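Right, I'll just put the structure down here and ask away after.
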Amino acid sequence: MTTLASAIHLLAALFLLAAFAMLSQRRLANLITLYAWQGAILASCIALAAYATGSAHLYASALLNALLKILLVPALLRSLARRLDVQWDRESLVQIPTVMLIGLGLVIFAFNAALPIAVPGAAINHATVGIALAALLLSLLMMILRATALSQVIGFLALENSLIFAATSVTYGMPMVIEFGIALDVIVGIFILGVFFFHIREQFDSLNIDRIEGHHE
Amino acid sequence: MIAHLLVRQTIQILFVIAMAPLLAGWIRQCRAWLSNRSGAGLLQPYRELFKLLRKQPVVAEEASMLFVATPYVVFAAMVVAGAMIPMITTRLLLAGAADAVALAGVFTMARIFAALAAMDLGTAFGSMGARRTMLVGFLAEPALLMVLFTPALISGSTSLVVIVHDLARHGVILYPSMVFAAAAYVMVTLAENARLPVDNPDTHLELTMIHEALNLEYSGRYLALIEWSAAIKLLVYIGIGAALFLPWGITQGPGLAGLPMAYALLVAKLAAAGTGLAAIETLSAKLRLFRVPEFLGTAFLLAVLGLLVRYLFGH
Amino acid sequence: MNVSIGLPWGLILSALVLWSALAFASPFTVRFPRIAPFIFPLGAVGALCVATAGLLALHGPPVATISPLGLPGLPFHGRLDALSGFFLILFGLTTVAISLDLAGYRRHEHYPTAERIGAQYHILLASLTLVFVAADSYSFMIAWEAMALSSYLLVITDHLSGATRRAGFLYLLIEHVGALALLAAFAILIAQGPAGAPLSFTFTALHAAHPDAAVAGLVFILAFLGFGAKAGLIPLHVWLPQAHPVAPSPISALLSSVLLKVGIYGLLRVAFIILPTPAPWWGLTTLSIGLMTALLGALSSAVQNDMKRLLAYSSVENIGLITAGIGLALLFSAYGLKALATLALIAALYHCLNHAFFKGLLFLGTGSVLHATGERRLSRLGGLIHRMPQTALLMLIGTLAIAGVPPLNGFVSEWLTLQAFLKATALPRPYLAMGIPLGAALTALVAGLAGYVMVKFYGIVFLGRPRDAQRAQARESGRLERAGLGLLALLCLLAGVWPAGVIALIRPAAHLLSGANAMITTGDLGARVGVGHATYVPWVLWIALGAIALAAILILRVRAARGARRVPVWNCGHPLASARIQDTAEGFGQPIRDVFAAFLAMRRHRPAQDDRVPRYASTIEDRFWQGLYQPAARGFALLFAATATRQPRRIAISLLGVLMTLIGLLVLAP
Amino acid sequence: MSDVALAWMVLIPLAGAALLGALGSRQSGFSANVAVSLATLAGASFMTVRVVQDGSFSSLHHELFVDPLSVFLIDLVAFVSFTTSLFSRSYMRAEVRLGHLDPARLGTYHAMYQVFIFAMLLALTCNNIGVLWIAMEGATLSTALLISLYRTPASLGAAWKYFILCGVGIALALLGTIMVYFAAHSVLGGHRALLWTDLYSVKGRLDPAIMAIAFVFLIVGYGTKVGLVPLHAWLPDAHAEGPTPISAVLSGLLLSVALYAIVRFKALAEGALRTNWPGHLMIGFGLASVLIGAFSLSSQRDIKRLFAYSSVEHMGLATFAFGLGGPLATFAALLHMTAHALTKSSVFFTSGAVAQTAGTKDMDGITGLVDRDPALGWTLMASSLAIVGTPPFGIFASEFLILIAALHKAPWSVPLLLLALGVAFAVIVRRTQAMVFGAPGASQAPTPRTLFAPFAHLVLIVILGLAIPHLLAAWYTQAARLVGP
């Protein structure tokens, strides 16, 4: 059990690390790869949890997430990026080191915020809640700082990753219906985004947000 | 009883109508004497009135009914005012019909009619005069009211009869408050009757005239009525003053016995007041028109002082 | 309370139904012109019903009724007591005249016709009735706002002109601010009840709430604001001189005669019936605000050059006098002098009635003048007495009545007010006893100014010669219009000669408010009215004046050999070159401008020496407008601009906002 | 068998969506849309009858349930979506004819419209906080497509903003939901830890620390959808740029449904915390929204943005009242939700028609409606008077009650509320007056349209103001007992 716990903790740490990496990465292709990695960490984490509890539906959920986050979504994103040929995010107004510092602050805050959530018996929860919260705040920060629509979406997906992480590893999995629902939403969301992007492209001939925002007053 | 009241009332009305020109004449005479002139005599006003009454009046083509009706209205108002004041006796038919406030109201009505009539022909002088009379009027009204309030508060009622009754009962004592009131009243009287220093009754100086501007267009019997009611107005004001500030010798009893004495006293009071008025008019110079508000403001101030003094001494 | 549908309620309901039907029918007068002539006369019938109901309600116990409508647990309550009765009479009688006058308007196409204003007008009448009979705060507020909205729509009847729209909006805005104050006042009283208990909105329940002194004071202030805004007390009066002139004249008449009184009604209802015994400062505030309003109104009306603005400001003045009387009553009852309070109340209510009559008369008259000449500027009018003699005569009655000269009705209420002021010496506080007679002096000054103003108004509009050539072709107004004018003139005379009759109408209301009989006697064929020994007998005055005038006429005419000879004007020998040499409205206002320069914000344009066309112009503005309203408007503009610039536009900023909120709340979380 | 009726009612719009998608850009789509909405309305009324007969019930193994708090909202959704479909029938036809809209998109429009309705009905009827979340997400996605329907730069920008902000919000709400599950997990365990019916029974035993954090996430998350300040940035753009029928249902329904979710969770959180800290949170958000919403009104020139900010203000008012808690305040808040839904949708109908007739959304370009088109002008006047809370319209009633409740619970807030109400009145009425009266501007060819929907709504609002049906009042009272501490 303790080995399992430490393993889960390790994966959680990696998960957070991935979030940090995405925050710092500005090349779109690498961003998508990082997203895939995060998905992989998430999936394996869920698998471990499944093994720990031996509950069937967690295995299923692990499988689902693996399919979705490692294969499907990154593929979609890559094709989008190719067809809209965006490779680089523009220079964001805040320097990377500063961003890192802010992120660090957020992590500390998240851990403190999660402190009161202590459930007797389950030692892992406490830490994982903190990590999920931290990852969530980091991806929110990323959405704030990124200037092209596509990377904002990746931030959004990362945010959703951390939610799944919370859902599965904190509570040993929500009921299936939820997870299917979430998965469905993600897929539909991506498709809608795809539609959007092409229209945005033809209207603004760029995916830079300030251009998009310039229009309505 | 009613018969008695009726008799007193009739006598007083006739007295007011008859005596008014004499008073006017007396004042003129006094002024003449004070400025070392031999005047035209006491009866001059009567002669003027009869002459005017005999003449055929001319009325402007643009005149409306209002213009023609006004002299009668004003005359009636003045006579009624004179009929209501207990200057000889407190037992009058009309005494109950109006109190001090209503009396002021009657004067206002007469003034408004005069002003409207003056505007009827659309002459520059007429409307100018109307404007000025109304100005003097609404400035004098609060002062007059304050003056009336002092005795009213002493005797607890605005009814002239009650006031006279109450003041006379206490015999010959001088209320300090009444002194202020009297001073204010004299100033108001001067203003209301268009005497110096507010207005000069015997010039037609366009820039300054107030009263004269109103009746420039009148002639014949209309002019006579206007002049006559002006005289009556003066008498009435002096009568009110006499009743308020020198209420002695006014008969209270039901009988007719006291009347001759009372009339004699009243004539004496009128003569004295007339002399005083003449003196004031001789000694003071005409104020410029825009000084008039200050003049009346002073009167108002004095009246209020009287009021406050009354509170101070409690009587 | 006994619930019943007696005769009074029957009358009121039938009037409401009739009016609703008329309001519904009015728009169709376009398609069916045949029904147009009947709309307004039928409205007059409804008004008559309401007046009768009010008369019935005066005596006899208050009749309450509960309507099927309402919120759950809160049906609408109606209640007919002496106060409602009195105001219903005022409203009904005035409205009969106004409806008649409106019926006369049909022939002027671009004037208010049934088609254009019938709906709003009759809705307004219905809502007014409901305001007077509503007995719970909810239905009262509904009727109140319905009244405000319909009257607003009437004000902007001529909505093509920008000035009209601005005035209408200002009216509605101040109206609504007042309504919010009322809402707060009622809410406070309702919230006085225990937290758990079911709310009760009825006035009786609010009265039973018995708030402590501080709360009662707060409620009084709020109610005073709300009803003051309606009545046009300073500093909330600014809408009045703008809205009344732009409305069609009969509507101005309704606004001045009735709608302002609604504010008075509400003030009385709340201050005397709903709230507990007043504190002295209520009375003092009301009194001083009232007097200031009266003075400001009188001064401003004296310097106006537009005949309807002049009348509107004179309405401000009269409302001020009424309010002063109410303040006096509040003072008296604060010190337990109930009889004196009743006296002051009778004076105030009497003035309400008078003002309804003569102001209605004057505004209807201006309507006729407007038809005849199409001109509102005094500087263009004149000499109409020759063109429209009957209207001129009726207007003369109104003018004398409002100038407050005996023996007309305006004087009676002035007389009563002064008597009440004189009795203020009975107040136990010396500074009050000394100060308040000065209020009497102020009242007298205002009355004098009113005389001045009315001479200006009547003299310039009807006397002299037409100042403008093409205005000279005026025609006498129609029969129905004159009927409306005549009715109001008759009421003025009646209320002037027969005070006891009017006081009989007021007494129950005043008694209801103060809970005591007045020390006021009436007798001598019901014409004498006396306070203590001081008495005033109008009809005796009438007879005496008439007799003497008649005698003078008879004697002089009999003695006169020849009648008067008609000649051109003498004018000190100057021939009358043009009508322009007559005194103008500006000129007539000049003494006031000079004497009271301190009170008025005036801008003058004087001709320079080398002007080709020298012109003199002076504009008077309301000091409150510059000192209070414009700064407030600027302040709000700044606030709005600040808010607008703080709105997040960019997505990133908005997301940052979300993040910050999240972090902040997580920090706050217990 | 009527248990199934509930499921049917929810499923009708979904089926309709498929049908309409199939119909695509055919003209029959308009009428079909109306028909589907009518069917939904019928189902809703059937369900209502059941509730009236024997109280709240649940079906499909407690997956769906109805109680007084949700039943009137369900009816509201069904009714407003029906009237809106009526309105959109004539309005969108005109849009197509005027060339504002590419007819090829009509299929998407109608389908997404029904999906949106389905999502809201699901959110209201589901007994499962997870499903509730999914439904809200579905509503977000469908409306994102609807807002971008015109494909103009502005509409795409607005839709993007909406998608990102509400997406983030919804994600936060999910975290909150997870935490609630986490808290209930140890008490109930497994699937039952997601069911309202079970959660309420144990709300006293949930871990307060977790519930506090959970409620923070939930109020920030769903609050973004309600448009609470400072999370409201998406709202004006979305309302202004989307098709008018969509603005109507967004303001009228979606905001209310999101608020409904917050209110349910508030009851839960207060039960767990045993303090009314959640209430205070809502009071804070509510007041901020009321004030900022009111103050932002005057700088708007676009007619639909103006009324969008008024929605911010009114939802703030409802939130404030829910935050006050207690039977009176909650009663008032529910009444306010209802009245606002009806009024605001009628306001958007009218202003949309106005913009279409005048050919511009810029209010400075719209004048003299009452002379050009009296019916339209007077309807606009009436609707805006109703929305600023003048009697006898329903919003006046709710605002009056809210004031009284505020005087009980938080007297200090009353001046602020009055200030905001006064400002809102001044700005909106001034704008409306300028549009309704005055000389008619450049006269556009009047487009044929039916004012039936706004009329119907106005009638209902007047009924709400003059005589609230006792059934409705009973529901409110029970709901208040349900929500209240």
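For clarity, chains are labelled A, B, C and D in written order, and residue numbers in each chain start from 1.
Here, contacts are C-beta pairs under 8 Å (C-beta built on N, C-alpha and C of every residue); 3 or more make two chains touch, one makes a residue touch a chain.
Keep in mind that what you see is a predicted model, and the values were worked out from it rather than measured.
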Revision key, fill the gap. Overlap of the chain B and chain C neighbour lists contains none
Exercise for review: Report the chain whose mean Cα position is at the greatest distance from that of chain C.
Suggested key: A
Point to revise | CA centroid of chain A to CA centroid of chain B, Å | key: 103
Exercise for review: Just give me the whole-number Å value for how far the CA centre of chain C lies from that of chain D.
Suggested key: 44
Exercise for review: Indicate the whole-number Å distance between the mean C-alpha point of chain A and the mean C-alpha point of chain C.
Suggested key: 71
Check your understanding: In whole angstrom, what separates the CA-based centres of chain B and chain D?
Key -> 79
Study note, to complete from the structure: Expected list for chain D, residues touching two or more other chains, is 160-161, 164, 168, 172, 209, 213
Check your understanding: What are the residue numbers in chain A that touch two or more other chains?
Key -> 113, 140, 143, 152, 209, 213
Exercise for review: Spell out all pairs of chains that touch, sorted by label.
Suggested key: A-C, A-D, B-C, C-D
Exercise for review: Provide the residue numbers of chain D that touch chain A in the complex, in ascending order.
Suggested key: 128, 130-131, 133-134, 137-138, 141, 144-145, 148, 151-154, 156-161, 163-164, 167-168, 171-172, 174-175, 178-179, 181-182, 185-186, 190-191, 194, 207, 209-210, 213, 237, 240-241
Point to revise | Interfacial residue positions of chain B with respect to chain C in the complex | key: 13, 53, 56-62, 64, 66, 68, 72-73, 75-77, 79-80, 83, 94, 96-99, 101-102, 105-106, 108-109, 111-112, 115-116, 119-125, 127-128, 130-132, 134-135, 137-139, 141-142, 145-146, 149, 152-153, 156-159, 161-162, 204, 206, 216-217, 220-221, 225, 290, 293, 300, 304, 307-308, 311
Practice item. Over in the complex, which chain C residues touch chain A? Could you list them? Key: 649-652, 655-656, 658-659, 662-663, 666, 669
Revision key, fill the gap. Note: in the complex, chain A contacts chain C through residues 109, 113, 137, 140-141, 143-145, 152, 209-210, 213
Study note, to complete from the structure: Residue positions on chain D within touch of chain C in the complex are 160-161, 164-165, 168-169, 172, 208-209, 212-213, 216-217, 219-220, 224, 230-231, 233-234, 273, 275, 277, 281, 292, 295-299, 326, 328, 370, 385, 390-392, 396-397, 400, 403-404, 407-408, 414, 418, 421-423, 425-426, 429-430, 433-434, 437-439, 465-468, 470, 473
